[in-house]
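Given below, in the form of structure tokens, are the structures.
Both complexes below contain subunit A, partnered by subunit B and then by subunit C.
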Partner chain A sequence: MIYKGKQKIWSDYQKEIPSDHWFYVRSCIRQSFFPASEVHFVKIMREVLGKDLYETPHHTTCGGIAYHSDTIPQETAMTIVARQFALMKEAGYKNLVTSCITSFGNYVEIIETWREFPELETRIREHLWKACKREFDVPEYVAHASDLVYKFRNEIAEKAQYRLVDKDTGEPLHIVEHIGCHYSKMFPHKGVGGAEYPCVLSGMAEAWGGNVIDYPERRHCCGFGFRQYLVKANRGYSVSNTHKKFESMEPYHPDAIITNCPGCPYFLDRWQYVISEMNGKTYGQDGHGIPVLTYEELAGLVLGYDPWDLGLQIHQVGLEPLLDKMGIPYDPKKKYLGLNEKDIMKPGLPRHLKCC
Partner chain B sequence: MDFGFSLSQSSTVNLDKTDLSLFHRVHEIEPDVAICMACGSCSATCTSSEFTGMSLRSVILDIQRGRQEEARKMLSGCMLCGKCSMVCPRGINTRRLILTLGRVFDGEDRNTRRDIRKEVRK
Partner chain C sequence: MGKLYDELSKDYRFKEGMHTCINCGTCTAICPAAEFYKYDPRKIVDTVQRKDDREIGALLKSETIWYCGECMSCVTRCPRKNGAGLVVMALRNLSVKLGYFTCSEKGRQLYPLTKALNGNILNLGYCVHPQTFAYEDHPESGPVFEWVLEHKEEVYARLGANFGKEGPGALRKIPQEDLDELKAIYDETGGTERLELVEKHSLAKAEEMGMTPEEYLKYTFNHCSPGHFNSEQ
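Let's look at the complex of A and B:
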């Protein structure tokens, strides 16, 4: 009886995610930060899982970054989003999947606002028609791309060539998962596991063999927070947030951090360099940092994609200790060779943080 | 390297690493310190709070969290009028508690408990 009750409560936190036919919208900043993540999400969905994923070069930013930075009003962001919905309607799709957590939060917030205030939706329809003569339907389902990888995590595990296991000891790797704040903190019922038990990333890490660490500041913000970073005078807040998380996770000796937001991996990765320059402290083994990955990069690694094709050389913190632990082969000479073996140049090395 | 911004120290209170010996010493002398429910009536009626920021509620919370310097600094704003003891719903003799806290801060609690009680009741 008690077990059934628990199952009932847990079922309230789950999402029924459609399994196919998605209209994919990319992030405006992820392709600069982690350039191969979205490409590999598309590859995995289409080539490994055989799903129908449609994307159009006509889509734009969702306006979320400007909205959260207080540079445009919400009505402007709504009209931009309405245009994306119009593109989706024209392509014949009803399920929207977003690459970015900010976009996910933005789309969900706008749809919920229209549900509460239908007259606002009518006004935005007029704005869109006046601006570009388009009409839209509200999507039947909005998902974040990590929802889809979570849904198909067991299929990916079946096809995996490597697992999140130390190849020498056979022990599961210690994984820290960090979920973007706009995934389920704003609208808990829209995220897998809600705001209290979000398991979208921990589910992936466990399915692929890892051991998820529960540490005191697990749900603390990564430090991005838009204006905390965008205004230079506030950047101390941003780096102090991230520092607090690292201090909290350090005693558990994490092998990697996985994230599902554009800002989180960027700041958890780059701030490790800044913190090391500020106070000489590093959080990984032997002067290295803790490798930070997007969930697409992690999925790509377990599926056996080449680490340099996944863009891991773009990270500030070197990924080599993690690759060595998992037993993934890589050629150090090819680290800084881009497309068609073009030399993308080796960056300067930090004073304290060991990067390779 | 100067980035133009810096790290702020976290204000997190880690009770596993906090030195609570001062609170325990106060509690030994004035067991009533543990029955405070932090309602804030003492702070609301405090005459000096407007001028010095004095708040007995905050002082008690501070010593429970090992923030002794903050508590000592705040306590110096008390002028011992005793209004707080008239409104405490738990009936704590707050004036006596403040005197005891002052003595503990000054290290005068090293005498026997009985001596201190006798002294503060004068």
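Let's look at the complex of A and C:
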């Protein structure tokens, strides 16, 4: 009976994701902290899967972080987004895919608010025309980039060179998935699997051979909290929430954490460093941390891209323990080289956290 | 019905997030902010739905409305489809409009937030950008990011970004004509007016606290007084 109930809930939260022709908008945070993830998302969509993914250099931030830090009025945020929609219309696209989870939540919230209050959409159309002389159509479909990787997870699995399997034991690796809050907590029907049973990342991990861990604080926020991280005085909130998650997942010995929000991997990675500096505690094996990846990085590893091309060297927690388990070769001497193998020195080392 | 409640009722986030609260406390149970801060979203929504201007006015001047992280976990679980996080957004908006945000330490943080985020948007076209992400303000970003920031152009080029250059790609330079459009949007939609309002009230508060604008900016970004957390008396 319970099983049938869950099946029904699951069926309510399936998404029919269009298979091609996407207008791509980037993420401020992912570009800054995981630029190679966006580079490889574009590469995988275009070169591996043969999809049409269009980007205009004229698109900008969606303003979502400023909006959720309460620094701009709602109509300002809405009009910035309306301008993105206008650029999409001008380029001849109807499906929008966004790299950022805050943006995804922002786009969805705006469209749903306009649906309920059409007079507001009319006002935003007037604002956009007065400010930019542009007109927009509401997208027929808004997806997060992780939705697309989820949709094509089996095609990626067919082309996989490496799997989420321990090369020595043949056992599936233990994977923690962390979904960004604004993916589906506000509008559960917009996320694959909804807010309670999101499947967008667990579906990828399982398709690529991993075993997804369930743990008590699985749905707890990473601790970003916008102003709670951006203002230095508030970062106790941010690290405390991440600490709560790590204490909860630790007994399950995760081999890796995968994320779909660009902020979450930053916090789950960097706060491990900070916790180790504060009290000497590390959560991985033998003084290492738990490797944290974006879904693009994980897809890239599975497909056989070089770990340093994927940007794994700019994580604070070393990814080498995961690479070793998966049997992925890497050259430690090339980890911190610049363009054309230029020597640009190396980062300093943390006091406690082993970074290989 | 009070005037402040009437003002809140005009906010679309309030229309979406404020229905009849049954005081079950599910929002507080799920809330990451309530876990650590002296914060109770149930009490906030209950206070607002009493429509008492005196109580709402006290909320607008309080620390408590600034504790929420806007993760919206409360929206998922509320059995009556309220959104405490949305109500908080409306309260913060009204607190800024009335200049009450400078009455609380957490509210005063709006000054560094507003300057940093909107400076990035209007000058660069990004909310966050390595060009303005200073390591001394972000020691938690670790030695690896200190290294990235010292070698920005090399590292971002190595990773395939189009850092600071024209054309598409990660961290591309946003053309000036697009930045001009963002400025026009701010002017048209009240964004510029909001920035000026925050500046005006913040500078008045800085003077009252005997600080220069630069000292006030640093102080509000860095200072955390005791008493905000559940673990403190």
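Just so it is clear, the second predicted complex is superposed on the first by the 346 of 356 C-alpha atoms of A that agree within 3 Å, B and C clash if a C-alpha of one lies under 4 Å from a C-alpha of the other, contacts with A are read in each partner's own complex, and residues count from 1 in each chain.
In this section, a contact is a pair of C-beta atoms (placed from the backbone, for glycine too) under 8 Å apart; a residue touches a chain by one contact, two chains touch by 3 or more.
Being a predicted model, the structure only gives us computed values, none of them experimental.
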| item | value |
| --- | --- |
| Subunit C versus subunit B on the shared subunit A, clash or fit after superposition | fit |
| Which of subunit B and subunit C A:E247 touches, first, second, both or neither | first |
| Residues of subunit A touched, compared between subunit B and subunit C (which is higher) | C |
| Partner chain(s) touched by A:T56 [first = subunit B, second = subunit C, both, neither] | second |
| First, second, both or neither for A:Y336, with subunit B first and subunit C second | second |
| Subunit B versus subunit C as contact partner of A:G236, first or second or both or neither | both |
| Partner chain(s) touched by A:S202 [first = subunit B, second = subunit C, both, neither] | neither |
| Where the C-alpha centre of subunit A sits as vertex, the angle toward subunit B and subunit C in the overlay (nearest 10 degrees) | 60 |
| Touching partner for A:R83 - first (subunit B), second (subunit C), both, neither | second |
| First (subunit B), second (subunit C), both or neither touched by A:Q228 | second |
| Which of subunit B and subunit C A:V274 touches, first, second, both or neither | both |
| First, second, both or neither for A:T282, with subunit B first and subunit C second | neither |
| Superposed arrangement (fit on chain A Cα atoms) - minimum subunit B/subunit C Cα distance in Å | 7 |
| Subunit B and subunit C contact sites that coincide on subunit A, given as residue numbers | 232-237, 239-240, 244, 274 |
| Touching residues on subunit A, where the partner in the complex is subunit B | 232-237, 239-240, 243-244, 247, 274-275, 277-279, 351 |
| Residues of subunit A that touch subunit C when the two form their complex | 26, 28-33, 35-36, 38-39, 55-61, 63-66, 68-76, 78-80, 83, 105, 113, 116-117, 120, 127-128, 130-132, 181-182, 184-186, 188, 195-196, 219-221, 223-228, 230-237, 239-241, 244, 270-271, 273-274, 309, 311, 313-316, 336-339, 342, 344-350, 355 |
| Touching residues on subunit B, where the partner in the complex is subunit A | 1, 3-8, 10, 12 |
| Parts of subunit C lying in touch with subunit A, wherever the complex brings them together | 11-13, 15-16, 32-33, 35-37, 66-73, 75-76, 83, 89, 92-93, 96, 106, 109-110, 112-114, 116-118, 120-121, 125-130, 133, 137, 140-148, 151, 154-161, 163, 166-172, 174-175, 177-179, 181-182, 184-191, 194-195, 198, 220-224, 229 |
